[in-house]
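The chains carry the letters A, B, C and D, assigned in the order they are written, with residues numbered from 1 in each.
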């Protein structure tokens, strides 16, 4: 089996990203790469781009799964582009493609991906000081079923470490 | 143009439904039918089934968009079944198929549909005393962009009335 | 169970439609309606529109499943519109939503829907004098597995009659 | 821009594959890898597996986009697995993910992917002595619109050479 662990990073797009969140995303992408995992993102701007940039600087492989039906909207740090042609329903592809998920900030799209991951029982961590959805849902369950706890973590390094432990114990 | 208004009702599936929520769903389905709108649901159990039952008793037309690739899992109150074959990503089909959305209770799947509707700027109302996602998100926005307010309402009748006003003013 | 039989009609869009094919599509839509079945189409122009027009004139119910993410591109004869937001991948939704398929003319999109129906073992008939894909594939199998024979028929009336027999014998 | 050229290889699954077709698929996968392109396949058995095997032996990167919603059904030669959860509608994801397509043998699923690629104007080549869909559709157009000619080629080496020329001249 040549498949590596695949980690999905989700969060703010260009709308709502701050320099602080961008820095966290870059560092988390780099940590993913250093761990040997493949980085999956939604392939566009904001956290997706910063994380992919970090992963490339860390020597990793990056995949961008985008809503459009041709590759040009993907950011320049995606090695591989999956132009889904499905619009925002590609949030489900993202969630299914990650063996685990890291949330950094984020709005309704990020929440949609979190729901998809939760319903499929994927391990999820949220970086607490990154704002948005990550901040709001850290250390909570999305519903009464308590499928998976969205574990709050404090740093990019901790995010990858804790997530890999969860993935490896599934 | 023969298309009627299409209203999506979302909420608890068999997991988490209570007799109270079921009654609300039934009555809301009936109100949708009485308004002349077509009812769209996820086609399975719980709120989906109770709402479809109510809509049929109210003389309406019901559509169920289900995750499976053949129609048999749909509940018996669906006139038309769309077996999407897309798994839970059909939540996006549901959201896109509604001109507006009514939330009754609900868990992570309901939240996923709410996110999809919100990102596509659909009018959304939530019946406040129905628990789950409806209760938690009534009178809030899903993120900082404030696309659409999830308007809290108090009864099935008010839900359909307020939603139709929103749909007609878009 | 309130679900009726759902028949998918596929064929030329505005590109390639002839008055003859349009007339066949209109008459076939009317036959579907008269049989009591619900008509499913791709919701756009050409055969999709003519068949929906015929079904409405025959008193039937019509559903249009379109590639776009909002209903306005659907033709005016669709009672219910499913704006899939999936682009041309909606061809699979169409195929899965039909209990059986009637081919009238058609190009690559029609062939794509035929493949999807074939792989899911749906009964398929093709109106022989309607040109395009219908003409080319009538009385053939799509591949060596011989899942289902694409039965050639000579008229709208025969198309619906033969298809219903196949559906009812599954 | 770090994205490499992505080549989709499609063809027989375990049902219908022959040792000859398997050998052609293995060699074509290796040629794709040697060209520096990323190999995209449907991730399962038959041509998909043999091509991925060849690409790995050639030092390349392989992506498998599968119908299921979790990665385990993918063959062992996929570096990256996209578990689409969309069933056979993932044929459209495959087509959209390739900058060009090579057909080796194949049945109705292969034809479905060919239709999707054709409708999106992707360059397509078919290896003529590989049977199935490749044999049947080599040097033809899928419909009257003549979007793209399915160019017949005689060997794995020629397939990759001709396809890259087409991709680079788009």
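As a convention for this text, contacts are C-beta pairs under 8 Å (C-beta built on N, C-alpha and C of every residue); 3 or more make two chains touch, one makes a residue touch a chain.
Here is each chain with its UniProt name: A, B, C, D = Rossmann fold nucleotide-binding protein-like protein.
Owing to the predicted nature of the structure, the values given are computational and were not obtained by experimental measurement.
S.K.: Rounded to the nearest 5 degrees, how far is subunit A rotated relative to subunit B when their C-alpha atoms are superposed?
M.R.: To map subunit A onto subunit B, rotate by about 180 degrees.
S.K.: Please compute the C-alpha centroid of subunit A, do the same for subunit D, then give the distance between them in whole Å.
M.R.: Taking the average C-alpha coordinate of subunit A and of subunit D, the gap between them is 28 Å.
S.K.: So how far apart, in whole Å, are subunit A and subunit C when each is placed at the average of its C-alpha atoms?
M.R.: 40
S.K.: Quick check on subunit B: which residues sit in contact with 2+ other chains?
M.R.: Residues 69, 85-89, 92-93, 120 of subunit B touch two or more partner chains.
S.K.: If each chain is a node and each touching pair an edge, is that a line, ring, star, complete or other?
M.R.: Graph shape, chains as nodes and touching pairs as edges: complete.
S.K.: Quick one: in the complex, what on subunit C touches subunit D?
M.R.: 15-16, 86-89, 91-93, 106-109, 111-112, 115-116, 118-120, 132-133, 142-145, 147
S.K.: For the complex, give me every residue of subunit A touching subunit C.
M.R.: Against subunit C, subunit A makes touches at 69, 85-89.
S.K.: Give every residue of subunit C touching subunit B within the complex, in rising order.
M.R.: 1-4, 6, 38, 56, 61-63, 65, 69-71, 74, 76-85, 92-93, 96-97, 99, 120
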